[in-house]
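Labels run A, B, C, D, E and F following the written order; every chain starts at residue 1.
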């Protein structure tokens, strides 16, 4: 029985403002700089969802790719694509939408929708220079 | 005397909402779909500025690259990076910030700042799938 | 009135065999080498469709992007995606499916479906090294 | 003694049809959709081979890169490039050529050809969205 | 008879120092900054050679791709790959190896080797941000 | 408390010559081939620095990104960008500047500058085909 990892990529466009309610305005400005600008900015996010499981010898796959695509679409992309994360997405109304927090929230959304113990890693590319990675640890 | 083209890439992150004041809310919704969502969304834009001119036989360049970088930075990037285009950028307060309009506005900003007759083409990548191109025609 | 170009990218996966009915088997083998192997091979093709038209001052666009996407999907992608070009696509049953011929055929399909005089260029990437470009000339 | 990982990329073009002999035609159609179409389709595959070993303090390398390139070329690329996986490659005549199965088969081919215990990971990109990863587990 | 453009990509690695014999040391330093540092630096160059010609109705190609690859390899890549441009390449011993000058020199090398009137454009990517383009004008 | 990984990308251009003082000229030539050419060659290197730490629930980050960028810039990029590694960088005057050795040296530079226990992985892309990875093992 082979253990195989499968990575599936999706993309979405969203706006956000980095701002923590637990910091003062001055602290927010100092820590997040131009990412704290009042009216927000945005990104073309790239999401990689990596699952890990036993290779089914009958089918040659770890999981039905059509189902995986639909789960990523329904659990994550539909909730954030073409949205303002701070204003339109319940989880980020009081949680700072950093790439790190987004990776953790997306993990939770995906884990709920995927078959048990399949999810291995969530990689969220915010720009071509920044990637946040979460493995449920 | 050789004519050479030089393309210089820059990137910026911004949010926008596609919405034309000259259309009704229903028309905006119909034409722009989720790009019209009320609180906006955003992109990692890639801007390519292409100049065209005579190759200087003494230096081997068309234009001082440090100056070109600074002009792109000052004329375009500084005005739009980490901004909400509709709310923060004067030109787009009444002009719909489509990739097409952005390419035209950036051309105007660049043409004013560059030596006469050097600017050849502005390419604005909104996503990995959409590029607007303007040549001043 | 500004003239703006808009490039829209689509992708599809297909298999093909380079083989011209107008050449002998030996000529085919000599000219196309391993691309002539009997059972075919395949590619992840990238198609860029570039339209050119007047920027509508009311909407800020050249053409409704949703319509352009649908035309590319219906006119090209649906006919070739996950197909064997030589066996499954009428046009290539007797026409060698080179990147060059594909670009010309896709131009014809697109020109028929798009509003008159909008189509400017078809770029077909066969691999990361090879691109065929057709402008209807 | 430092442990260093080295990743080497190769590319090849092949066609395949997802179809398992252990499933009925209806099950194959349901599970693989258009990837099951009778005459096959194809991809530009990207293969990343990652080795892991001690850094040789005399040479500054983990393994002679020319040898690694030749092993990847001889063990994998020469067997699959410009081939129809289902018809031309012995291993996939009765094994469904999914990205997952391909990663496992390539691991076996590479492990046989590489010095003992060097191979760490095989990453096979089927499209820009799908990657199968195998670590010999 | 259709006119089709075909772009072929090649890569090479080289070092260079931007320095013009026609400028004083101070002028060189001012104009080229860190690119003028005494011991040079280097790049992974990407070269795109675009030819333009009539589509041969018998073969479905503009030019034998194997021949085009060999001409690019022999005329350009073999002369510059893994070389120090200023010290190892005759043309750049007295000519500043800017991307602009390289594009012009490569055009001359390619034009000599290619069938008459086929060469349309040379694109030389020095980094992901800088591209020099020459069309023989 | 969640453990999150954050990857930050930087780029630099440098020249080098693969040559080990501990090998004879013939051994160097045999092992490194054209990478051993006397006057060197160069690359556009891509450096990915991956840190791993606890997600701060107050700020939503693992580490101040502005500080991380500055550390990468000061500790690595400023020392190697637009340099000849063999001649201009103290560490590589007697150490062969292979991608493997560079990854180890960069790890040491970064570990000294970063808060304790944050550094997880250094990935150095020498070309689009070669990546050296070091995790401090």
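Rule of thumb we're sticking to: a residue touches a chain if its C-beta (ideal position, glycine included) is under 8 Å from a C-beta of that chain, and two chains touch if they have at least 3 such contacts.
Source: prediction; values computed, not measured.
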Given chain A and chain F, the chains that contact each of them: D
Farthest from chain B by Cα centre, which chain is it? Let me know. D
Label of the chain whose CA centroid is most distant from the centroid of chain E: A
Between chain B and chain E, what is the gap in Å from one C-alpha centre to the other? 28
Specify, in ascending order, the residues of chain B that touch 2 or more different other chains. 128
All chain pairs that touch each other: A-B, A-D, A-F, B-C, B-E, C-D, C-E, D-F, E-F
Residues of chain E touching chain B in the complex: 18, 20, 22-23, 31, 33, 95-101, 103-104, 128-135, 137
Could you please specify the touching residues of chain C with respect to chain B in the complex? 2-10, 50, 55, 57-62, 64-66
Contacts from chain D onto chain C in the complex sit at residues 11, 13-16, 34-35, 37, 39-44, 81-84, 87-88, 127-128
